[in-house]
Amino acid sequence: MTVSITPTGGPGQPDPSPELDELYRGFEKELLVPLWTEIGDLMPAEPRPAAVPHTWRWDALLPLAERAGDLVPVGRGGERRAIALANPGLGGAPYATPTLWAAIQYLRPRENAPEHRHTQNAFRFVVEGEGVWTVVNGDPVAMRRGDFLLTPGWHFHGHHNISDEPMAWLDGLDIPFSHSMGSTFFEFGPDRVSDTSAPDRSRSERLWAHPGLRPVSHTEPLPNSPIAAYRWEHTDAALADQLALEDEGHPGVLEPGHAAVRFTNPSTGGDVMPTIRAEFHRLRAGTATATRREVGSSVWQVFQGTGTARVGEREWRVGRGDLFVVPSWVPLTVTSDGELDLFRFSDTPIFERLNADRVHVEGPHQ
Amino acid sequence: MTVSITPTGGPGQPDPSPELDELYRGFEKELLVPLWTEIGDLMPAEPRPAAVPHTWRWDALLPLAERAGDLVPVGRGGERRAIALANPGLGGAPYATPTLWAAIQYLRPRENAPEHRHTQNAFRFVVEGEGVWTVVNGDPVAMRRGDFLLTPGWHFHGHHNISDEPMAWLDGLDIPFSHSMGSTFFEFGPDRVSDTSAPDRSRSERLWAHPGLRPVSHTEPLPNSPIAAYRWEHTDAALADQLALEDEGHPGVLEPGHAAVRFTNPSTGGDVMPTIRAEFHRLRAGTATATRREVGSSVWQVFQGTGTARVGEREWRVGRGDLFVVPSWVPLTVTSDGELDLFRFSDTPIFERLNADRVHVEGPHQ
Amino acid sequence: MTVSITPTGGPGQPDPSPELDELYRGFEKELLVPLWTEIGDLMPAEPRPAAVPHTWRWDALLPLAERAGDLVPVGRGGERRAIALANPGLGGAPYATPTLWAAIQYLRPRENAPEHRHTQNAFRFVVEGEGVWTVVNGDPVAMRRGDFLLTPGWHFHGHHNISDEPMAWLDGLDIPFSHSMGSTFFEFGPDRVSDTSAPDRSRSERLWAHPGLRPVSHTEPLPNSPIAAYRWEHTDAALADQLALEDEGHPGVLEPGHAAVRFTNPSTGGDVMPTIRAEFHRLRAGTATATRREVGSSVWQVFQGTGTARVGEREWRVGRGDLFVVPSWVPLTVTSDGELDLFRFSDTPIFERLNADRVHVEGPHQ
Amino acid sequence: MTVSITPTGGPGQPDPSPELDELYRGFEKELLVPLWTEIGDLMPAEPRPAAVPHTWRWDALLPLAERAGDLVPVGRGGERRAIALANPGLGGAPYATPTLWAAIQYLRPRENAPEHRHTQNAFRFVVEGEGVWTVVNGDPVAMRRGDFLLTPGWHFHGHHNISDEPMAWLDGLDIPFSHSMGSTFFEFGPDRVSDTSAPDRSRSERLWAHPGLRPVSHTEPLPNSPIAAYRWEHTDAALADQLALEDEGHPGVLEPGHAAVRFTNPSTGGDVMPTIRAEFHRLRAGTATATRREVGSSVWQVFQGTGTARVGEREWRVGRGDLFVVPSWVPLTVTSDGELDLFRFSDTPIFERLNADRVHVEGPHQ
């Protein structure tokens, strides 16, 4: 790989000359690049993310996943039948954003995805279906519509479908971030999941998913949430409660007509994993969110209802299962038709922990 | 008040002499006290708490509270019909331990205890009955058997009984600590509770008591738990889950046969209030806890079942509603007859936050 | 010890009657005390500390310490020739405030105070003299005029005078707090100090007292400052720098004419020890501080210069070596004649860590 | 940009077929990429950083910087005469590692680099020369050999040379990280530095660079170190002290013969800035460090002395001013000829704050 310097014009740039050319050739030979030719790209006034706003349609994704079910085995080596969103701004890489991976994973009836572990943090979100159990460090966790499930970094995990129906779900990970940072470790586990029982609740939930309670046997802060599954019934109830409080004139909603809950680590009150924030949003019929710009990128998936997502200059009608990506600092507004439920995940904890977060909100509901 | 110096004998002490007497009189005149005469008391090898182990019987307390209901009004000035445990080692002060206040509060049918606020942190625990709502910063909170309810420092609160039955419960506060530290502020609120509605769930629960979820409108750490009531159904389920996990061979219990949950602040994962820890313990039939010594003091109340509490040299048979006090560094063992449920609160967060906590566990279950 | 209930009159109190008397006798028998008779004392509108403002004069203390040098041995058993300030509001206890111990310690030429350790946190401040080394966990630390020296909890320490002159200094500890909290442990070490070398700088300083630098071998937060001695030359320079910055029109001083530095734990930026804050203050000639009330108590010692201290209703002229006590929430104003230097220590970290701190500032410099 | 899927062979991969081709074309059309063809690259067993070990020679860099001084103006638009190291593994980008920027900046006599601010965190390290002042938020900071200087994110800063000699130094920033994360903001300040005074010490040092002391006017934790300059005299003394302690048999050095200090934020004890760690290392003559692998990348510059750096499979003789890069998880060993001093900076705080740090040490000094 060689370095190549392209002079730019404009203020503060040196005048072209043979001597300057010679200097630049000297830089190239020594693997050096001047700031003055690069500063416009490297240090813009505001973020200019390479990722672009984009949407992927559930009714296009799901048939391709089903077809992959016919043609692609799931097992050791390939590990997962997962199909990732490739942001068109990111050079063909399987990255939804520069930090986030989002993929549809698909398991046919009775299939088994082998156990492994990796330092990447992962979650699953189920937009429809049931019948698969994910086994996280030996704890079998049922997956059902509306559930949000965790596989934090370096936890062994596999999946198996105990039903006679196929199942598809959304996988979210910080693969792009880990990859560019050079921090990824990976290890194979058993070729088949280590516990094929299919309990209604995971052991993690039985220990940790009691509101405001923690086991006295575990009282230290943990880097990741110990709750393997956040069940839809709780999420739905929390959102309904916020809207009911609003009806009664009490605070709680994020903005008028817009309820939102964050999935948290009960041992700290913070985000579920160090690099990933996950939330659920519910808009009343006919609600428009304030327009919001944030440092950091996010991926949204419609859970139920229909509406309009405006991301920068793009605008799409979206419905159940559709996904869209909001790059860093691109303004987002969501408008609901009827009641609209959306799942969202983002890389915001990275910026907050590094004191690089910034938010700008404008519009009627600021 | 004058200072008075009493010479002691023993190693390292000066020989008695008229000159020494004269020196000591000089000290007294200048309000000075030597370390060498006091060190044995001030700096013992291990804590020698002034508080002593003691038990108070529910069947003695409740009739006195009922009789106070007949004779003592509840209203502005007296503020609360609360009767405090006075540890026999603490000079007649209404202190269960040097830091903790524990009292039975009693409201007759339709009575109303006026609103006020104070910097002392407070909670209520309900060993039996229902019908009272406590109103915390305007939010009415139902009180029912098994519930644990918070009134953190500087929150306005009042109580009113909407039923035709009297109700008694346990109040726990850090009054002795605040008083000795000189940190207490107090302010009157309305003479009657500000909201007499009687909802099944408080607004705080509707916003915060969903497992692992928090409202996106409130994402900062809070000094106190925002959950006003921890309901018995959740506590009971969490304890039952721990014992079921033990039956299945999985971790979770504190020690064999001994399930325990801590009430926590969901915005931090830490204790509910800065000075008070609260927990619920369940022992299987025929279980003896390990013997445990802790820096800091605690108060226990039997919720249901019977058993034996051994605190230092004292041992009592205890049953429903009975309270007992464990002074600092005095060893505690609890043994159950049948299944035994106990509520516990302590001042441990003070010591943990000041790096002065110490625990020693011995016995079969260490 | 028995409980004794004294009825009070006033609003909200029950009417006297034989039945009420009988009830109160029932309370006493069961070791119970009602809130309604005690609330005025227990829960005042503002702190009513038992400790009172008081001053102790260096020219009265020092001769008594010298005389103790003649009459009282220093060695195992008595441990230290230390003479404590006894606040006249605290019942004759050797307590400067309800949390803080302040004593003059005195060593004759060539004397040796044996090693021990205790959970109480301790420091020394040297208002005059030199020649003593304190040995902290085996590290000999020179003591010289203006130096502030640490002996955090559970660190072994002894003192020895290698000079031909006696030396006196101020000891500050959290003995009263530890004692009332029941958290004190104590252990004897060697009868003579373990290292009698007399280096100019301690090993702790050589590792840690370089501005903004820490050894890569120790990168975790520590509960106590690892710096055993804060030298006068640094304190003096920091104060002089603040006043020079003020002269040049730049921020830095606490208020006009008033420079102040806090001694900190370089591994956290926080206070030197979990229970004790220590600061040095310098007032320009003719400066009056704003009037300040704080929850928590403090002890001040004049290092050099003269001025006036007003503490609540008391006012004293103070000069070199004089000590005075500011109880919780009592307003303090200090006024300088010429330049005035003061050392101060307080229990503020306790309140800050327990979310019970409160400050009110008024006056010209607010 | 289009997506293009390349089938791979190997375990777990689907058999080639026209149907599979059709599926892959469907993926491409919908901007989807399967995990199973990418997993080997995305999720390796250990980090496989794109960056490679490389060294840049001071005696090659400096003449090029001098020549740039002749040909390239410094002023608004180009902003800085800075020449960045371009890691040969990173596609020609001006990045030393995937997160870190390292550049030689050069100012001719009397030149002035205009003020601006950006969210990227920056520092300067001076391997030789003096005469330039950097002005950080209006505070002029002298730059001299051995000094380490901070310009945290969003602080205005400019540089001006008040001497008759040119000056070159090392700039370190997190530009690559900010750029890939989409978190960069930039703003122009005055075209010339706002304060051309040339004090010996900056105001930040006068307030903050006193060991273990902080101004009482600033007692909160700060996200960045408030010390604008860490002076060589302090760094040198701290390193010398560690080696002297080792000579005397006391702990302090990182490993035998290897002293090391970390530059810290005195308000927290943590790293100087959220994304950058900076340290200074000194090896005694003839010392070999243990071999160390770390998640995260670092850049080293020799300050004085000569030795050998072995980074993975590469090994170089290095001397004054030479720079070398250690990519993530590549083992590093440094060996000294005579006494060898090295400056080092890394992105480790990013990994520590995100719970993704990992270290492996092996060799004689583990």
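Odds and ends about this structure:
A, B, C and D label the chains in the order they appear, each numbered from 1.
In this section, contacts are C-beta pairs under 8 Å (C-beta built on N, C-alpha and C of every residue); 3 or more make two chains touch, one makes a residue touch a chain.
Here the structure is a predicted model, which is why all the values come from computation and not from measurement.
Chains that touch both chain B and chain C are absent from this assembly. Remark: chain A and chain B have CA centroids separated by 43 Å (rounded to whole angstrom). In whole angstrom, the spacing between the mean C-alpha positions of chain A and chain C is 52. For the pair chain A and chain D, the distance between C-alpha centroids works out to 30 Å. Chains touching one another, given as pairs, are A-B, A-D, B-C, C-D. For chain B in complex with chain C, the residues that touch the partner chain are 1-4, 10-14, 17, 19-20, 23, 26-27, 30-36, 38-39, 42-51, 54, 56, 60-61, 64, 67-68, 70-94, 98-99, 103, 118-120, 153, 175, 178-187, 223-224, 274-275, 295-297, 327-329, 349-351, 353-356, 358. In the complex of the two chains, the chain C residues touching chain D come out as 203, 206-217, 219, 221, 225, 227, 230, 234-235, 237-238, 241-242, 244-245, 250-254, 260-269, 279, 281.
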